[in-house]
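Chain IDs A, B, C and D follow the sequence of writing; residue 1 opens each chain.
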């Protein structure tokens, strides 16, 4: 598998189709990989692809938007993120060549990937399918059954240990704002002093900002050094998007917050 | 105070509007005992706190020879400086310091002094200028070149008149863009400096200003024959503690707040350009 | 003869025997053993007068130093906590003082006396971190009381490592091994159902002075200790040639190496926040209402853009490369120039938790 | 005395704020637990402010704007309705009781309705606080 990938990468570089290949290389041990930037043909042998390729490499695209990049995608979500970034005009489609390893390593079929490239699934079924494929499970529903008090206690305990390293934000492909709201000084939303409430506020507002744009790629969840289950939140916003607006991120639909219908959600606010 | 980060209380006693965005503030310590032990030298800096907003670093604008009060000239650029500009006479602020090193005047004895200031850089050079005027006998000729963006941006107008009146002091003013009433020179500092053509022999150049100005002034000075160990500059960096601990103002292993802010160019030249 | 006699198992009146012991041998025996059960009792005793921090399982795969209320909360199985022990003495948000506007003007109130505390189950790499911080906070004639008020009242009881992780590289540092004592007050070396106790400082001695849980160590214990050291050393990864690395870094500032190596780094603050030695901080204001508030010292990171950005917008370390270089250079070059020691203990957290798998060992080895 | 509840009301400048004014002009009595913040339009409502209010000790938050179709800026409140739906669910997910965060429509002429709304919100928040 890695051999095919290396071959593709070598050809792309040799034919000058890309300036750099962003892929995965061996990490500090056999169970970890790391992102790697390859611009020399000699280095392509570093590229590997296996089930430990967990990073979403599309996060590097807005940073290097001026380069012609070949990017390895290891899962459906990575692919979806790239298309989301193109949709949001953060990167130019012609600057990106996707080396889709997702087909090879995941048991998921490539249909979604095909559809992604066409950008625009309109049938309800397609979206439902995409939603299921990304592996959402039932934990959100189970969590919702808890009482408000139990939920609050749960999150208080989780966010109490947040050290606000902002790894979750930095690894997120759609968190590309050059000036994040937490860094602003006028008004100063977040004080430098770290407390549980403000940690919670940061994550909640981040979730609202990535609502409908989050591909549930798990990058933030994996990055957290203290194991805060951020995936529970990303799954929740994905679920709400589908339930409220029939929306699945990365499918080329108009973002739910940039449009509305006059006769919807009539029961919500009276 | 046991805590090295605790400031001493001081009161604003006078506010002078220098230009549209620069004000000079005069502070007086509430505890006179504190002030007795508060000895600074021209070139050092202090950390000023506005309670509820934060701290920021400023150089002393008046030299140790004129210590009726502590004076700082402050341009409005950010959160803290904006809050300082809102202050009124009688308001309480916190002051801690003095920190950093100072201009090595003992090494300047019997030499000519050339001060080159650009923009708000004059605030950092005012204390060494006034110090050298107060100890006038120790130095030979004193030349001052001060450039600002426009006639409106010239600080210390009344003081400059007094400097000009002192004996054997040559003050040249320049602006980038003049107007009808402007009787002094027009042009960028490095160009005017070359036109002035000061003698490099037995002269120390003391410069302060924005990075681009410093860069070109250094070039002009070397063309005029100034050697690197006869150029002194003072650096600006973001600082939080002033004590060499917070870790942000370093160039290599030097901390600007402890090993600086005053550097000979001969030393600075060998450091990477991370300032 | 006498020596052997004294090493018989004793269960009572230990304290008296100890004093005899010390006197007779004319030297201070600083090694004891303690059984796991006695350790439990010791910690539970100490809990009466101290705040005790110990590794505690807080959620799946997350072990952090937390205040414990009984020995049973201590998680002895975890090799390493997710974040380092530095926050116990140098908290992320450390209040310097409170201020209040009163009729007498602005009044500052510094924090009251801190309570005595114990960090239990600290790994030697974390303990070494404190010895590095000690030097820093007492540097250039300024002694930082907000750090030392806690430091002086904290006793560090370390437990040596039995097996390194694939991210560990503490052995790269001079005189360093699994049973290194730098920074600890007491070092415990696990030996099956008991621990060998090495007394390192006066503070540590105070805990053993009480004596009722301790037994003097035998020659056999010392032998076992050596065996353990040996076996752990064998498991250790290959050493970094730090001397060479420092020499390379001395000339590497302008090297094009940094143009490549920083590329994967996303500039989160993770590596610096989980590090036992990263100390850079910010001083920030936390207003409470119109006239009150507090001033805090909070951790800051050279990885963040705001770290060196000045009010006018000028930033000497504006790009990713410069910030990445600063972190590596500070730890392995600048700090060595100033303190003659590396600002790293080899705990490997920055490698293990880096979201993009940057391995500082590899970065250092490649630097030219 | 037991500390009474605090509610922060974010009212749109054009309808609900005027409605609240009318309540006062008509001398209609309503609970004083609500502190009002005027915002330009519910479409401009920043969720950070709502979280801030909760974290700074507010027991409840009420956001009120023009009825759908009546927005001064034509469609601001439609956008708000969508964002509110998401925010409300997320706040509930994080454990903020649904009674504590409420939204409603009050027009400039509905002074009486505004008093009723505030009464309802205060009652709801009180009932939540009682079980806390």
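We take it that a contact is a pair of C-beta atoms (placed from the backbone, for glycine too) under 8 Å apart; a residue touches a chain by one contact, two chains touch by 3 or more.
No experiment lies behind these values; they were computed from the predicted model shown.
Undergrad: Using only the chains other than chain A, in their current positions, what clusters of touching chains do you get?
TA: B, C | D
Undergrad: Name the most central chain, where centre means the mean of Cα atoms.
TA: Per-chain C-alpha centroids ranked by distance to the global centroid put C first.
Undergrad: Cα centroid separation between chain B and chain C, in whole Å?
TA: Here the centre of chain C sits 41 Å away from the centre of chain B.
Undergrad: When the centre of a chain is set as the mean of its C-alpha atoms, what distance in Å lies between chain B and chain D?
TA: That pair's centroid distance is 53 Å.
Undergrad: Just curious, how far off is chain D from chain C if you go by their C-alpha centres, in Å?
TA: That pair's centroid distance is 49 Å.
Undergrad: For chain A and chain C, what's the span in angstrom between their mean Cα positions?
TA: 35
Undergrad: In chain C, what residues contact two or more other chains?
TA: Residue numbers touching two or more other chains: 282, 284, 300.
Undergrad: Identify all positions of chain B at which a residue touches two or more other chains, and write them in rising order.
TA: Residues 78-79.
Undergrad: When you check chain A against every other chain, which residues touch at least two of them?
TA: Residue numbers touching two or more other chains: none in chain A.
Undergrad: Of all residues in chain A, which touch chain C in the complex?
TA: It comes out as residues 27-29, 32-37, 55, 59-60, 157-158, 161, 163-167, 169-171, 183, 191-195, 219, 222-223, 225-227, 229.
Undergrad: Spell out the part of chain A that touches chain D in their complex, as residue ranges.
TA: 143-144, 148-156, 181, 189, 197-198, 200-201, 204-205, 207-208, 211, 233, 236-237, 240-241, 244-245, 256-257, 260-262, 264-265, 268-270
Undergrad: For chain D, which residues count as touching chain A in their complex?
TA: Chain D reaches chain A through residues 47-48, 51-52, 55, 68-69, 75, 78-79, 81-98, 103-105.
Undergrad: Going by the contact rule at the top, pick out the chain C residues touching chain A in the complex.
TA: 58-62, 64, 82-83, 92-93, 166-167, 260, 263-264, 266-270, 273-274, 282, 284, 286, 296, 298-301, 304-306, 349, 351-353, 355-359
Undergrad: Contact residues on chain B for chain C in the complex?
TA: 1-7, 9, 30, 49, 51-56, 77-81, 92, 94, 211, 236-238, 240-241, 243-250, 252-253, 258, 272, 274-275
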